[in-house]
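Have a look at this one.
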Amino acid sequence: MLSFASDYIEGAHPAVLEELMKTNLDPQPGYGEDEYCRSAAEKIRRACGAPRADVFFVSGGTQTNRLVLSAILSTCEGVLSPVTGHVNGHEGGAIESTGHKVLALPHRDGKLDAETVRAYLADFYADKDGCRHMVQPGALYLTHPTEYGTLYTKDELTALRQVADDYSLLVFLDGARLGYALATPGTDVTLGDIAQLTDCFYIGGTKVGALLGEAVVFPRGNAPKHFFTHIKQQGALLAKGRVLGIQFDALFTDGLYQKIAENAVRQADRVRAALDELGIPLAVPSPTNQLFPILSNDEAAALSREVVYTFWEKADEGHSVIRLCTSWATSDEKTDALIEVLRRILGGR
Amino acid sequence: MLSFASDYIEGAHPAVLEELMKTNLDPQPGYGEDEYCRSAAEKIRRACGAPRADVFFVSGGTQTNRLVLSAILSTCEGVLSPVTGHVNGHEGGAIESTGHKVLALPHRDGKLDAETVRAYLADFYADKDGCRHMVQPGALYLTHPTEYGTLYTKDELTALRQVADDYSLLVFLDGARLGYALATPGTDVTLGDIAQLTDCFYIGGTKVGALLGEAVVFPRGNAPKHFFTHIKQQGALLAKGRVLGIQFDALFTDGLYQKIAENAVRQADRVRAALDELGIPLAVPSPTNQLFPILSNDEAAALSREVVYTFWEKADEGHSVIRLCTSWATSDEKTDALIEVLRRILGGR
Amino acid sequence: MLSFASDYIEGAHPAVLEELMKTNLDPQPGYGEDEYCRSAAEKIRRACGAPRADVFFVSGGTQTNRLVLSAILSTCEGVLSPVTGHVNGHEGGAIESTGHKVLALPHRDGKLDAETVRAYLADFYADKDGCRHMVQPGALYLTHPTEYGTLYTKDELTALRQVADDYSLLVFLDGARLGYALATPGTDVTLGDIAQLTDCFYIGGTKVGALLGEAVVFPRGNAPKHFFTHIKQQGALLAKGRVLGIQFDALFTDGLYQKIAENAVRQADRVRAALDELGIPLAVPSPTNQLFPILSNDEAAALSREVVYTFWEKADEGHSVIRLCTSWATSDEKTDALIEVLRRILGGR
Amino acid sequence: MLSFASDYIEGAHPAVLEELMKTNLDPQPGYGEDEYCRSAAEKIRRACGAPRADVFFVSGGTQTNRLVLSAILSTCEGVLSPVTGHVNGHEGGAIESTGHKVLALPHRDGKLDAETVRAYLADFYADKDGCRHMVQPGALYLTHPTEYGTLYTKDELTALRQVADDYSLLVFLDGARLGYALATPGTDVTLGDIAQLTDCFYIGGTKVGALLGEAVVFPRGNAPKHFFTHIKQQGALLAKGRVLGIQFDALFTDGLYQKIAENAVRQADRVRAALDELGIPLAVPSPTNQLFPILSNDEAAALSREVVYTFWEKADEGHSVIRLCTSWATSDEKTDALIEVLRRILGGR
């Protein structure tokens, strides 16, 4: 059966696997002290235009979110997140388990809006005495692309940075799917912009061609005190750190990371065009590798017999929002096959 | 330079890597719901003689220790560990960061002794009022092999189980190097024994032939409530859970796990014999893949110019304990080369 | 200046203080093992009709909430609270600091509605796979009276208990102002009902006549394992536990707790009648000792020059909700004075 | 029966209680914003010679220890404590429950020795790589008097401060019984010295004449960010903060704190002299209000029929260490009675 369930249904990009094969018997020190981690970190610094950046490699997205937020937030501080933020609903309470509250704010297509944040903060500090009884705002949590596949513009990120500066908040950007953002035609946000506008972000590997792995970047060499120990304490330090270094080294050689993400976005564009042609509305205008068509429940049921997708949410009693997801591994043929099915099932509208 | 620094200096056993290659493009659901994880879990259940066991796969040892202990300990409970236990000194406070105290007890060559534990508990509960102001003993933490490469006998494990039962403690066994224990000639402890005598244990992959990965086993289907969510919350749930399932599936096919561990122990035996012949004393009588010779500081310095090893601890002002570690990847030739160096440098004693 | 700022602006009811004086030099064991704690616990058991209840005394409300919730919630469980619940917004992240998420639900005048809770839970468990990535619902948090001074009816509490049972949730009731609830004419909820319909609740002392102190009741002898140690661990165990026992012993002698709460409610009734007569609307129909009139900003400013009150929230650009609070200590004369001021300032409407 | 069980068997010093009576109906703002807290803080600043000190009032010792240590330690940092430190064994894991390890070091009569600390730290940092896998030393925890009633000299405290400075540690001094230290003839450590040599300390009220309460002092205005919110979050903020302010205001008026402590020490001196005369050895040379005689088990049993004391620990199979404790409330007559009993029971040696 065709699967467009997620961007983590396959293993690694072949070039990544091959690098793991080639280096397999080369003896290296553990815990990220190997030469591959060093090389990968250096390539990432260059790609970010951030020569002083601290770069660390860890296994997964939720791990990174709890690791970074628990390290950058002080006691009594919480993190501002759109209510749809991954840290708010889909991490089993990871942030709270480190002692910090997620302060959920209204979203717009998965994005936080600078004015929403500013209004919240102005209101919070207006009650000078009362606010001391409440969780202190300590950081902004943004995802790019968001959980809805949408993208911030450079202006939007700059405005959020401004609010953050005005209220002494740190900015952390979750880039679990960052490659797909950077590869989307029309985006005006570069990796360099992200390095300049945030205090920490991560470059997702798991969903963009690696077996596993995320590269955490503190762009101005601003990793918190004891961050290596923190990785260890959180159980996030791999003995064979090389496994992550080798993969990111491959991904950041000859623009592979960008290239494989472009494929995903191109395939998504083709599906989007087909849905558009069929008159199928999208719940969110996402330009990246995730599409959220609204189907009648009957259509969704028919489709599920031929395509694996993710049920997203109820649109209304008779309709469902589903998610179709492409990846670095989606071939033209696979997309052709999907479009053929979509036309057959949804064509009669 | 020759490296006997640890059992995680290389990548994965070739058969494991090959399996990752072969399955790479097979689409699978995420989060450990894939068929490889299912198959690996079933093979592990069979190898343990524990058909009802709950089996989970996670990335590393410290991660497993904090995950399991924070799930099985109640609020206010601590874990009894030998003072040399990995959880006590080498995990950056991982257990404490989940809110639980490590109650360190004296060790014998890295092992906890049933009588030591019993005496501690008798003493603890003797002060009926006072003990309510103290951390409540909730579980025993054992490593097998220990941090010193030593092994429990079946009688010793049985005696510890008995104390645990007498005082309502759970028993958790850290098997980061479990393969090397099972492969040591003369051990009378089988995987089945461990499944019978503990409430939870893990089968180490990272140090026994995998790129990364540990298999957590609750042998009587006794995983704590919400354990899946707990894995998620702790950041230990890989999106591509397949990466772990595929590797353990390979390791538990045709006895590979046992076979590659046997090689490590055999190579260590050869080094041990050579050290013995040279009259070099060992700090601990470890029969597994880790050796702890005591060298003069001059000898240690000379050796370090040709062999990468781990400095373990000072023996006295003029002597050092070092660790030499073999693995599944140590070839006869590499061991020959080490022995040649040892004879040359230490022969003049 | 007249102060109606809160029900904790004075010290203790004179009868309570007197008891502290009388017993002052009587030597007693520490940590709640004294005879006064025993006597007070017994009187509370009787008042609740709960002869097997476990009763503990601690210092304050936030302390009790974090103590109880962290003890009754399992790892990965969160607590369902109305968004207005004290634990959600006004405790500086106390619950999160113990590792648990507050799952905020819509409220009605500060109350949780059984149907809202049921719908949330049905929806949560409908996504069988997805819900395992989310915080697990573990308990309901109710306040009675609520933060808005409103009261549950017995039917409402019974319906909530039913939902809780259907979904295996525990019910915890925050009774920081419980006396004022029990003393309100027309309520059909008794202390005995609360003991029957909850798994844990507390009887507030700080806001109802004590210097400090709350009595935590597990009505069926169902205190969690190690609860005494938990109190100690949380820093909530007073060396001179007698200080709390003596006060609750006094409050539960000859119905003092009920009597002094009745005074507060009677005085609030008088103020309510005066506001009603003046045509001042109330933001919430609270029948207890807290009143929430909506004033124009000018009226509020004028009032603030003669009466200390609490600013509650903006009603709209031109209006504010304020809180006026009576207590056991509010005399007829003080209420007369307030009414006189209210008539003078608000009379011109 | 005569009780010398502890220094918290009675209520408050009469002058303290009287102040609570006198101020009882005076309306005051909550949460420590009242005028009594302000006045008490000012008197404490003066007594410490620390005009810029931040002063907070909380309920008890364990609460203070977890509050302060969790606020001053960064993630991954632990606190160095003598193995006998209250935080290490007698607080139910309070410090660990906030995520921090207690790093227990050998003691001398309950005291930490600068050289012991220095050797530990030198050793720790000597393993440059390895130490990053371990809990980072963040603060020193000292008690004065110690759990054994012993006192630091000014030289000893100065040497500890020097080590702390050399290794960037903060110094926190637990003064649960500080009054008794300051009132001991021959001590060369003043309140001013403590304010100069520590980063935070607390002045114990519970055990020195208050119903409850400890004054936390950050002598250079160096309270951590959000400390007020931290008190709230930890459940340590009393709504009627006045209760603590009034008591400390009384204790720091006309030298009352010092005076009542002097009585305790004088009575202890009398008991010490009597024990000495009887040839009863002391386990520890404590010059303050706690005495630790070593009795035969038969003597201890006989004494227990007439005097309430605390069993401290086994000395050997046939002997026990017990604790006799005087307080501000111990009268000459009570001490006479104790001495008479001691002579009768222990006279036959």
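Every chain is named by a letter (A, B, C and D) in the order it is written, and numbering of its residues begins at 1.
One rule holds in what follows: contacts are C-beta pairs under 8 Å (C-beta built on N, C-alpha and C of every residue); 3 or more make two chains touch, one makes a residue touch a chain.
As the structure is a computational prediction, the values presented were derived from the model and not from experiment.
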Steps in the shortest chain-to-chain touch route ending at chain D and beginning at chain A: 1
Remotest chain, chain B as reference, centres from CA atoms: C
Angular offset of chain B relative to chain D [C-alpha, multiple of 5 degrees]: 180
Whole-Å gap separating chain A and chain C, where each centre is the average of the chain's CA atoms: 42
Chain centre separation (chain C, chain D; CA means) in Å: 34
Numbers and ranges of chain A residues touching at least 2 other chains: 75-76, 91-93, 97, 99, 132-135, 229-230, 232-233
Sites on chain D touched by chain C in the complex: 3, 5-6, 8-12, 14, 17, 20-21, 23-30, 59-67, 91-94, 97, 206-207, 211-212, 229-230, 232-240, 242-243, 308, 329
Complex contacts: residues of chain A adjacent to chain D: 31, 33, 70-71, 74-77, 99, 129, 132-136, 224-226, 228-230, 232-233
Complex contact set, residues of chain C against chain A: 75-76, 78, 89-93, 96-102, 127, 132-135, 311
